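Next, two complexes with chain A in common: one pairs it with chain B, the other with chain C.
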Partner chain A sequence: MRSGGLKVLWRRIMQKKKEAVLIETKDLAHEYGRRDENGDVTGIVRAIDGISLTVRAGDFVTVLGANGSGKSTFARHLNALLHPTEGVVYVDGIDTSEEEMTLAVRQTAGMVFQNPDNQIISNVVEEDVAFGPENMGVPSLEIKKRVAESLAQVGMQKYRHHSPNHLSGGQKQRIAIAGIMAMHPKCIVLDEATAMLDPAGRRQVLETLHRLNREEGITILLITHYMEEAAEADAVYVLKQGKIALAGRPETVFGESDKIKDCGLALPDVSRIVQKLNNAGLPIDKRILTPEKLTEALGRLAAE
Partner chain B sequence: MSIRLENVFYIYGKGTKEETCALKKINLTIEKNEFVGIIGHTGSGKSTLLRLLNGLERATEGSVYYNGKNIYDKDFSMKTLRGKVGLVFQYPEHQLFEETVIKDVQFGPANMGMTPLETELFAFQALKDVGIGEELIDVSPFLLSGGQKRRVALAGVLAMKPEVLALDEPVAGLDPEGKENIFALLKRLQKERDLTILFVSHSMEDIAEYADRVIVMNQGEIVLDGEPHKVFRYQKELGQIGLDVPVSAKIANSLREKGFAIPGDCITVDETADAVIRWYQDRKRGAV
Partner chain C sequence: MIRDITIGQYYAADSPIHRLDARVKIVVTLVYMVSLFTFQDFAGYAAAILFFGIVLALSKVPFSYIMRGLKPVLFILLLTGMLNLFWTPGKEIFAWGVVAVTWEGIRKMIYITLRLALLILGASIMTFTTTPNQLTAGLERLLRPLKIFRVPVHEVAMMMSIALRFIPILVEETDRIMKAQAARGADFESGNAFQRMKSMLPVLVPLFVSAIRRAGELALAMDSRCYHGGEGRTKMYPLRYRGRDIFGYLCCLVYIAALAVTVRISPF
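== the complex of A and B ==
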């Protein structure tokens, strides 16, 4: 009786532990062969050089890095588009190098790419969103339900009968996200998915991601070189030459302005203003990252 | 040197069900040596406008004048115009194709009918201008980094000796360092080579930082046109058409609404920070 109780407890602990970590990479390295025009390998590029990190289920994580820092290569590992040269990647406990598990990995961690036009394949929004679950063999009644649900989740139900060609970039990216949501993933990986969008489009996509994270508990891994997009993340990793150069809460990471610059990135404008105010002797908390917080802080200063 | 658009309309798919008016009654003059930013949400007509300037697209109605000459006149040479107005597309590095950097840059001037000597000279000069060193000129362009490729692509246009550069989102996809390099280069070309520069951007911060004049487009029309400090005063109106003001302007505006003595024309990090510092120092002085 007692031992049976222990067993149940143990299983629960293990279950919880498994749920807690969704993505884990250990000493992940990736090498590309550099080839000449005859296809012969002339050199080796180590795009990722020993990345170890864990992402907990339900987290919103931002990976920052300059061009060529290895961030896109890293993203492709989480979706089993690439396999490690060295080290391991676990997505929801699955080793991504096990080829027969590739589909399971991709259903767990869906990926959104940079160019919205390269990801849409259908003439009707609804059909595009249905593509993923159809390929998974989901029954058609269930597909209908999922398509309606996921379009609602990204706020695009109005457009379900529209042609994606006439949508804006931000709307197209939301359709791409809906297509992933319809596969019921645990995680969405976005590789510079806002880089080609106008400000309104960027806002739409970011708001959608934060809502999915908050309300549906979807783990988000946002890969970008816009530091502003990291301001509201739970954790931030900054990559430089394939290695993690900085990691931590956004407030901590953004405080390291010299290291940020060294990584080829730039502080968000709000942080740059705060820094200037600090230098001039204004007592403003240097961890402030949003315009609203800054005006509040200055309001308090004025009231003193 | 100036470019003038008179009552320009551009209509896609005229006479079909899909007929869309991409540009509506555009009247616009760009003077020599201006540095002009163009903003507008996706589909507002910005890219179409750029393409009209070098004759790549032809206006459905209206006229385009280059140096006072109507480019749609029969005796006007479109080929010369295309050399004078260099168009740089989005992600221009996707169009690199030659075996070596130098060959790629020479392609444009050679096609313009320049002599081999001129072609070589202009290509070398253009690569020097964009900061691509001699050690890279015989390398395959595909082995370069994203920022370097972009600069090689730009050199390919500069080698044709244009008077005007029209760039569609010249820094899209580049990291902050790459972006600063490109804008520094464009500013230098404006000053040292007397170029006129027009660029389309989605970043209000870049416009505030670099443009001397900003044109705001919405649904095929120019809705605002002027010095960025003036244009960015219209925060509400810009918000209504899917645009924004720079973060620095937003902070300055909300402080002013709260009763702070902050001038109404702060649009860059430096301007807003300096204004707040001045406010703080005045207040301290007043308290003493």
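== the complex of A and C ==
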């Protein structure tokens, strides 16, 4: 009875935690000055324009957008690398424009960048993973523990003493993720971290992210232009010219094929097939995203 | 050829030399390099080569691997060797216009090339057995007194370690740019030295552009991982002298003593 009560209480606490808002932006806008050769401002580019969204703790959120849609600019606000021209960004309740809180923001929401080579700072994997905690002033013994833990979390413990130069792109990105995990963040923001990888590397990174999300409860904000990476997300936002053009669960967003094309994105293969089948007169649910679900639906249709 | 550059690279292994404190390795390497200039005779070189050989054997770095480090400087080695061979006055073996080969010249050629080679090999065995971060930490600690004179010790050490990290990446990039331009008809092989240097210009411009872009991205990545200078930074492996490090210093002293003795009693 008593332990049952505790269990219910625990579940309620976890539920609350899950509902807690981790990232919140309100009417976020950012302007870059366009400069001529002499460095004089000649015009203003509004890279992002009035983005309001919330990410709950523990969610896996994908932000989609074509080149120039403002998705990288948006990502940099979450890490206090850029400050808003208008609006506010809260990361775990902290206003990112408060300068003395910058380090706390960066520790809460770690960031993985596009080019794996340009974010690894050491010739030895474990030293690179230790870089974040070293900067934070974590005691030596604790750093060693965290390095071992986070390398295990991304499945790279075998390479602890290796040089990153001989690793594949996917492995390098997993090292970069381990480097963020060692800082014990609540959230990882990935700014096109899969864009330079081959399909195998992309799969490795995505699997790692989903596992961290599931098992460690890390909130993931994946910024990409590959739509298929959004298939398993809890929520999807599509950016177009600095504004949110579409938002919702992946099934609903993927159903809006015209709008998606309008945003400069390509539908995943499965969605394209579903659409063509529909055009040909076969009634298949437009929200189907995976090959397995599609075969199932086709089988059911054939049985009828 | 360009991939042969091994200067400043780390060779992962578990050896007594790898385990030594970075400060020991830096100090001993410096002492060793200076010591190479203190003698002019056979016995001195024998002692220096012996010391290097022992360290190399202990370090488990393969002989062929460390010798590759000499390849990029082969030209300089040959040139200085030749100059010494032909322009040293002494007992002539044969003369040929202004140049003359002398016994002294031959001896000097061998010694000078050996000295240069040992200088480079000595430095590379340090970088082969010390990770860049350890090297940075060691340098930072050794140079700490300079902080009184407002020398940005941490920043300099950090810059050095990042430079080491990016050597292989930039080498690869150079290779790629050269291949891309060769595919479009660029010619890096023919012509005299001046023409060949000129043909490298279209390689250097994109290389610099990309290096600057990389630097920008790296700075962002370091920022986002809470880097804010040396203030309040801790280390995963803090430097602490142990018994073996004292032993390392002692070995270095023994080498110096041996050198002093051999140089004094040497008959050559």
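Brief remarks on what is shown
Operating definition for what follows: the second predicted complex is superposed on the first by the 285 of 304 C-alpha atoms of A that agree within 3 Å, B and C clash if a C-alpha of one lies under 4 Å from a C-alpha of the other, contacts with A are read in each partner's own complex, and residues count from 1 in each chain.
Assume contacts are C-beta pairs under 8 Å (C-beta built on N, C-alpha and C of every residue); 3 or more make two chains touch, one makes a residue touch a chain.
On a predicted model such as this, the values are computed, not experimentally measured, just so you know.
When both complexes are overlaid on chain A, the residue A:270 reaches chain B alone and has no touch with chain C.
With both structures placed on the common chain, the touch criterion links A:249 to neither chain B nor chain C. When both complexes are overlaid on chain A, the residue A:214 reaches neither chain B nor chain C. Applying the stated contact rule after C-alpha superposition, one finds that A:295 touches chain B and leaves chain C untouched.
Contacts of A:110 after superposition on the shared chain: chain C is touched, whereas chain B is not. In the superposition on chain A, no residue of chain A contacts both chain B and chain C.
Across the interface of their complex, chain C is touched by residues 76, 79, 81, 103, 106-107, 110-111, 113, 115, 117-124, 126-127, 130-140, 143-144, 147, 161-163, 165, 179-180, 183 of chain A. Chain A contributes residues 34, 37, 65-68, 114, 168-170, 192, 195-201, 225, 228, 264-266, 268-270, 272-273, 276-277, 280-282, 291-292, 294-295, 298-299, 301-302 to its touches with chain B in the complex.
By the touch rule above, chain B contacts chain A in their complex via residues 41-43, 99, 140, 143, 145-147, 172-178, 180, 202-205, 242-244, 246-248, 250-251, 254-255, 258, 260, 269-270, 272-274, 276-277, 280-281, 283.
Partner chain A is touched in their complex by these residues of chain C: 9-10, 12, 131-133, 161-162, 164-165, 168-169, 214, 217-218, 220-228, 232-238.
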